[in-house]
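A, B, C, D, E and F label the chains in the order they appear, each numbered from 1.
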Amino acid sequence: MADSILVVTAHVGDFVWRCGGAMALHARRGVDVHVVCLSYGENGESNAAWQGDARRDTVKALRRAEAEEAGRILGVASMDFHDLGDYPLPESADSVRRVSQLLRQTQAAAVLTHPEHDPSNLDHCRTHEMVLRARMQAMAPGHGADFVVPPQVYSFEPHQTELCGFKPNVLLDITDVWDIKWQAMQAMPTQRNLWAYYERVALQRGAQAGRRGKTAGTRYGEAYQSIFPSVVTAFAG
Amino acid sequence: MADSILVVTAHVGDFVWRCGGAMALHARRGVDVHVVCLSYGENGESNAAWQGDARRDTVKALRRAEAEEAGRILGVASMDFHDLGDYPLPESADSVRRVSQLLRQTQAAAVLTHPEHDPSNLDHCRTHEMVLRARMQAMAPGHGADFVVPPQVYSFEPHQTELCGFKPNVLLDITDVWDIKWQAMQAMPTQRNLWAYYERVALQRGAQAGRRGKTAGTRYGEAYQSIFPSVVTAFAG
Amino acid sequence: MADSILVVTAHVGDFVWRCGGAMALHARRGVDVHVVCLSYGENGESNAAWQGDARRDTVKALRRAEAEEAGRILGVASMDFHDLGDYPLPESADSVRRVSQLLRQTQAAAVLTHPEHDPSNLDHCRTHEMVLRARMQAMAPGHGADFVVPPQVYSFEPHQTELCGFKPNVLLDITDVWDIKWQAMQAMPTQRNLWAYYERVALQRGAQAGRRGKTAGTRYGEAYQSIFPSVVTAFAG
Amino acid sequence: MADSILVVTAHVGDFVWRCGGAMALHARRGVDVHVVCLSYGENGESNAAWQGDARRDTVKALRRAEAEEAGRILGVASMDFHDLGDYPLPESADSVRRVSQLLRQTQAAAVLTHPEHDPSNLDHCRTHEMVLRARMQAMAPGHGADFVVPPQVYSFEPHQTELCGFKPNVLLDITDVWDIKWQAMQAMPTQRNLWAYYERVALQRGAQAGRRGKTAGTRYGEAYQSIFPSVVTAFAG
Amino acid sequence: MADSILVVTAHVGDFVWRCGGAMALHARRGVDVHVVCLSYGENGESNAAWQGDARRDTVKALRRAEAEEAGRILGVASMDFHDLGDYPLPESADSVRRVSQLLRQTQAAAVLTHPEHDPSNLDHCRTHEMVLRARMQAMAPGHGADFVVPPQVYSFEPHQTELCGFKPNVLLDITDVWDIKWQAMQAMPTQRNLWAYYERVALQRGAQAGRRGKTAGTRYGEAYQSIFPSVVTAFAG
Amino acid sequence: MADSILVVTAHVGDFVWRCGGAMALHARRGVDVHVVCLSYGENGESNAAWQGDARRDTVKALRRAEAEEAGRILGVASMDFHDLGDYPLPESADSVRRVSQLLRQTQAAAVLTHPEHDPSNLDHCRTHEMVLRARMQAMAPGHGADFVVPPQVYSFEPHQTELCGFKPNVLLDITDVWDIKWQAMQAMPTQRNLWAYYERVALQRGAQAGRRGKTAGTRYGEAYQSIFPSVVTAFAG
């Protein structure tokens, strides 16, 4: 198992809904889980917070607090907020550099991030592209002798999978940590409209995993698509 | 790791070039490796044997002997020859049934077979389809109470990967058993024209795996594409 | 709106889970809804019925009774059972002909059936292909002067959408008939293991439709992929 | 039907050839049709205008006049020229913002624009991407309380459809307004080389629509690909 | 240039509309052009012939006569009618064998046939598959010592290209033989409804070729998709 | 045959491994071969050069010298180094303009460059996109009266073809110039780790070409994917 993994999201909420189970599962086993949120999602994913005369700073602070609490519940080792703004998220060579440096420091074996395509949310695509670029920068000797073996990249589940061409090839059994993920989801009341939706996503992925896994006990799952081939020394049983 | 795996090929030679490493690797660790060859490949993949006034029976016997010797070297638990004929291989509901029964008997956790598409060799496509059909038959209670959890299916590498839409997501490190695979390849002198080709395939896949795996020692590899999502409880490190 | 639609499924249960909402919605508005089940799904989709010393005939009769009751609840105009057997479902030129004749009799404007691809269930693919073939036969003057304008074909949602390459381009709001669909689902106790799963599917599709539709009131939905371009005289508002 | 639609093109000519029928059809029925041209197409799509010692300003003025006349014929409600330059068209966060503001003002139910891919004309791809980004910006509460329900996006037909991966799922019958579209095409004499080409495109799409539509009277058509699923309450007849 | 090419179609009319230019062009240069029509297209593509009390035999004879006349005009070396029936066209191992024998006799360097996919016309898909199967049979030493170097396969243009996933990578300039193709089209009065449609197809492909070819003189074209990589010794200029 | 071709790469080494055979083959026949390297590949593709306290300038000078020597061996007409930096390579409107001007000066009939997709190396994707943009700029009359007929674009082979969606449709027989390519490869000792890998690539492509080409003598090959349809006046034999 990896010693360290990295999660990179466009907006603060994304890590909870999409890979909170993976985070809790690995953190509980001693894996360092690092998180980068490129924006607070203040413009497009904080609808409930824009009541009355809400100010941008207030919304951002609120979302950051929620993210920190959710991260704490999931057991993260570190969180980094780039505050690039959202809807749309701009390109940032500086953010690419920061992510590449984090990869060098943490030697993360895997990065979890958004899928390559999403016509309904280009912030997600841009994040995916920035992660791939940071991965290159982290493995280049010309940027420092601490260059890394390039990590695997897993796309996590987008809101409408078929629209994004998302093809999961890994189902992660998160039954054992579902209560932690659920608790982290509830630490994000600004997006409470998503609670039931992502509970159902977890149940559907659990049902799909349970059908075919060795343990019929799987009740909750998360879906991932690996971008690069995995190197193995035997087929799973 | 699986207790048992099943290999299903269109022609006798296929298992050596395409998944001989996986077979040796698993057999050596005590996994039962079963092989089904739907035909002897006597028409289209035994060119060197059709010299002078060769007869079909002689060619088939020759290829069967080669396959049995290669299987012995790789450590197979059983081999089954359906003798359906090739170029083209016909559909056979009876073969589907035999494969499904073997799945029930062996409880194989994985099946290795040809990819879904191959315009240059429709025997390969048909084999893939028959495997998927046998998988259904094996999991249906109406065909007997010994129905199975449906196995994962891995497509192994075709001759021209891009032509077949083959997208490997698993690279298997076969460095430790390369000498065995090489020996099995040489047990198939009828297709000696493929020896160097598939040695180079193994070296290319080894180089791709070695670049990114934890062990830079990987020298030989085989590529696979899993058809169904894998269920896991942690990301590989 | 269409005067008549046709539903063609591989197994008896499929029409309830996958397009029961569409059936109820159209039937309620006076559209004739015709159903063809190519098999009873007795082998692979009647697991709970194979208890003790169940006989095939008993299982088939049970599933047929369930289907008839579910059809009655949904308001179907006719049901036709071809009893081809399943897991695997065989090809049948005779069934193609029967479906083509039904198309000629009903002049159905749309056919609802399984998607083109499904590696986990080739019965579904074969049904799709038979529908397309019946559609050709129904529009050919050489098979009778009562040939039809070829109907639109909609694929309904498979069990694992991404595995099947299913790309829905139509979300049907079934909120108003959800109670009827739910009642029809419960008329299929043999597959009660699917009740909660497909209730969640309906809620997810409803959430996706409600997000973007004019009526935020959408709570339940069904997803479809049209195979042929639709001819329109204006863009929807 | 929509109350308002928005057309966004890379170059001034595009709206006439690709969606002039849709514009005339909707305008005639009282729908407000708004047009944004990101450039005048002065560099790459005004070949006939670069005679002798033509100056850029002259070419741009000429193309703008043509576009305004074509727009007038088609019945547009407004036209906005961003004058970004072309071949290549640069990215522009400011243009994204302007388009998003127009979406908020007009509450357009649909946006017509170029497809996602076009290796022969990256200006088209960039326009598509800018539209998707503007759509996000328009639906984000953080950019103003007048945020909108995200509109459907339709890609219109590119010059070489197969090269662009264009897969039309909607054929619009423009027979009734063909004379208006033809008149608007002729208001663009700088690109008279395209007149016959796009008349044939309209006839081919008309023939495809007429074959399968209820009215065999369809003679002219336009093809579109919807990017997002459509929400419906019944299947078309 | 090839010494011999083979055209294999599902119905008699197909060769005229889809590759009549290629046939005339090569025949005129001394290349032997052989044609196989798997059916007369009597059921689904002879609508105008089913007037009054037309009998199947009469329709078939009529279509055969038209095909022979069109073939004569295009300069074919041979025509073979398999009379398999259509809408739907059945699979036929015997037809595969006959096509493979023709490949052996003619040593055709290229085969022109339908594309792999066509949901509106499965006869076309089946023909494509039978051609690929015949190609295998023709190259297999086990079926005779006169086995051949496998020919290139070109898919010609289907009725609705995007629906079929047709991606042309070759545009053939048929300007010089357009009058011959047009004459051959008119030798098929049963399908006169297609004359104008395929004249426009030729003009569109001509315009696309003329835009980028060295000779701006190209006025008529045909589009093809090669299935296998072409082996060349230099890039075209 | 073309009078002039252009090669555009992200890093200095790319042209040797991926299209050195094409370069030597055409140069030997009098075709002018021009090369643009957007960066020296100093950061990510010069690993062996970053020993001890190597400085960036030294590494860049070393790689440039290697590239010039390799270019000399292959017989290039000109080389242009843009020195944009790598891992990641930044977008550059200025580089696009320079490439477009070179296209105008050389009237190159074909451009060889990286494929559209490569998740492991976004510098390659960006180069592909810049080439397509330069192609547009070169054909636009508004950028000068010396505008060109747009050249064909060929993608050359990436490191892991399947990961990049690379689908070669052209295999170039480079047997006659293999010794020259091999010599050029050895002029790049900084990347000596790639020598054996790309020798095997050439042998595999040679084997694939030899199987199907008229000359069984093909031993070495290179694979290409044409982006635009080719215009031809006959099918190859």
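Throughout what follows, contacts are C-beta pairs under 8 Å (C-beta built on N, C-alpha and C of every residue); 3 or more make two chains touch, one makes a residue touch a chain.
Please read all numbers here as calculations on a predicted model, not as lab measurements.
Peer 1: Just to be sure I understand the contacts, which chains border both subunit E and subunit B?
Peer 2: C, F
Peer 1: Would you mind working out whether subunit E and subunit F touch using mostly the same residue numbers, over half shared, or mostly different ones?
Peer 2: Comparing the two copies, subunit E and subunit F contact each other through largely the same residue numbers, since over half are shared.
Peer 1: Just grab the chain with the largest centre-to-centre distance to subunit C, centres being mean Cα coordinates.
Peer 2: The most distant chain relative to subunit C turns out to be F.
Peer 1: CA centre of subunit C versus CA centre of subunit D: separation in Å?
Peer 2: 37
Peer 1: Could you list which residues of subunit E touch at least two other chains?
Peer 2: 150, 160, 163, 168, 208, 228-229
Peer 1: Provide the full list of chain pairs in touch.
Peer 2: Per the contact definition above, the touching pairs are A-B, A-C, A-D, A-F, B-C, B-E, B-F, C-D, C-E, D-E, D-F, E-F.
Peer 1: Flag every residue of subunit D that touches subunit C in the complex, lowest number first.
Peer 2: Those residues of subunit D that touch subunit C are 1-3, 5, 22, 25-26, 29, 109-110, 149-150, 152, 154, 168-173, 208-209, 212-214, 218, 221, 223, 226, 228-237.
Peer 1: Considering only the defined contacts, which subunit B positions touch subunit C in the complex?
Peer 2: 93, 96, 116, 129, 132-133, 136-137, 139-143, 145, 150, 153, 227-229
Peer 1: Quick check: in the complex, which residue numbers of subunit A touch subunit D?
Peer 2: Result: residues 42-44, 46-47, 50, 56, 59, 86-88, 90, 119-123, 160, 163 of subunit A touch subunit D.
Peer 1: Per the contact definition, I'd like the list of subunit B residues that touch subunit F in the complex.
Peer 2: 159-163, 166-168, 196-197, 200-201, 203-204, 207-208
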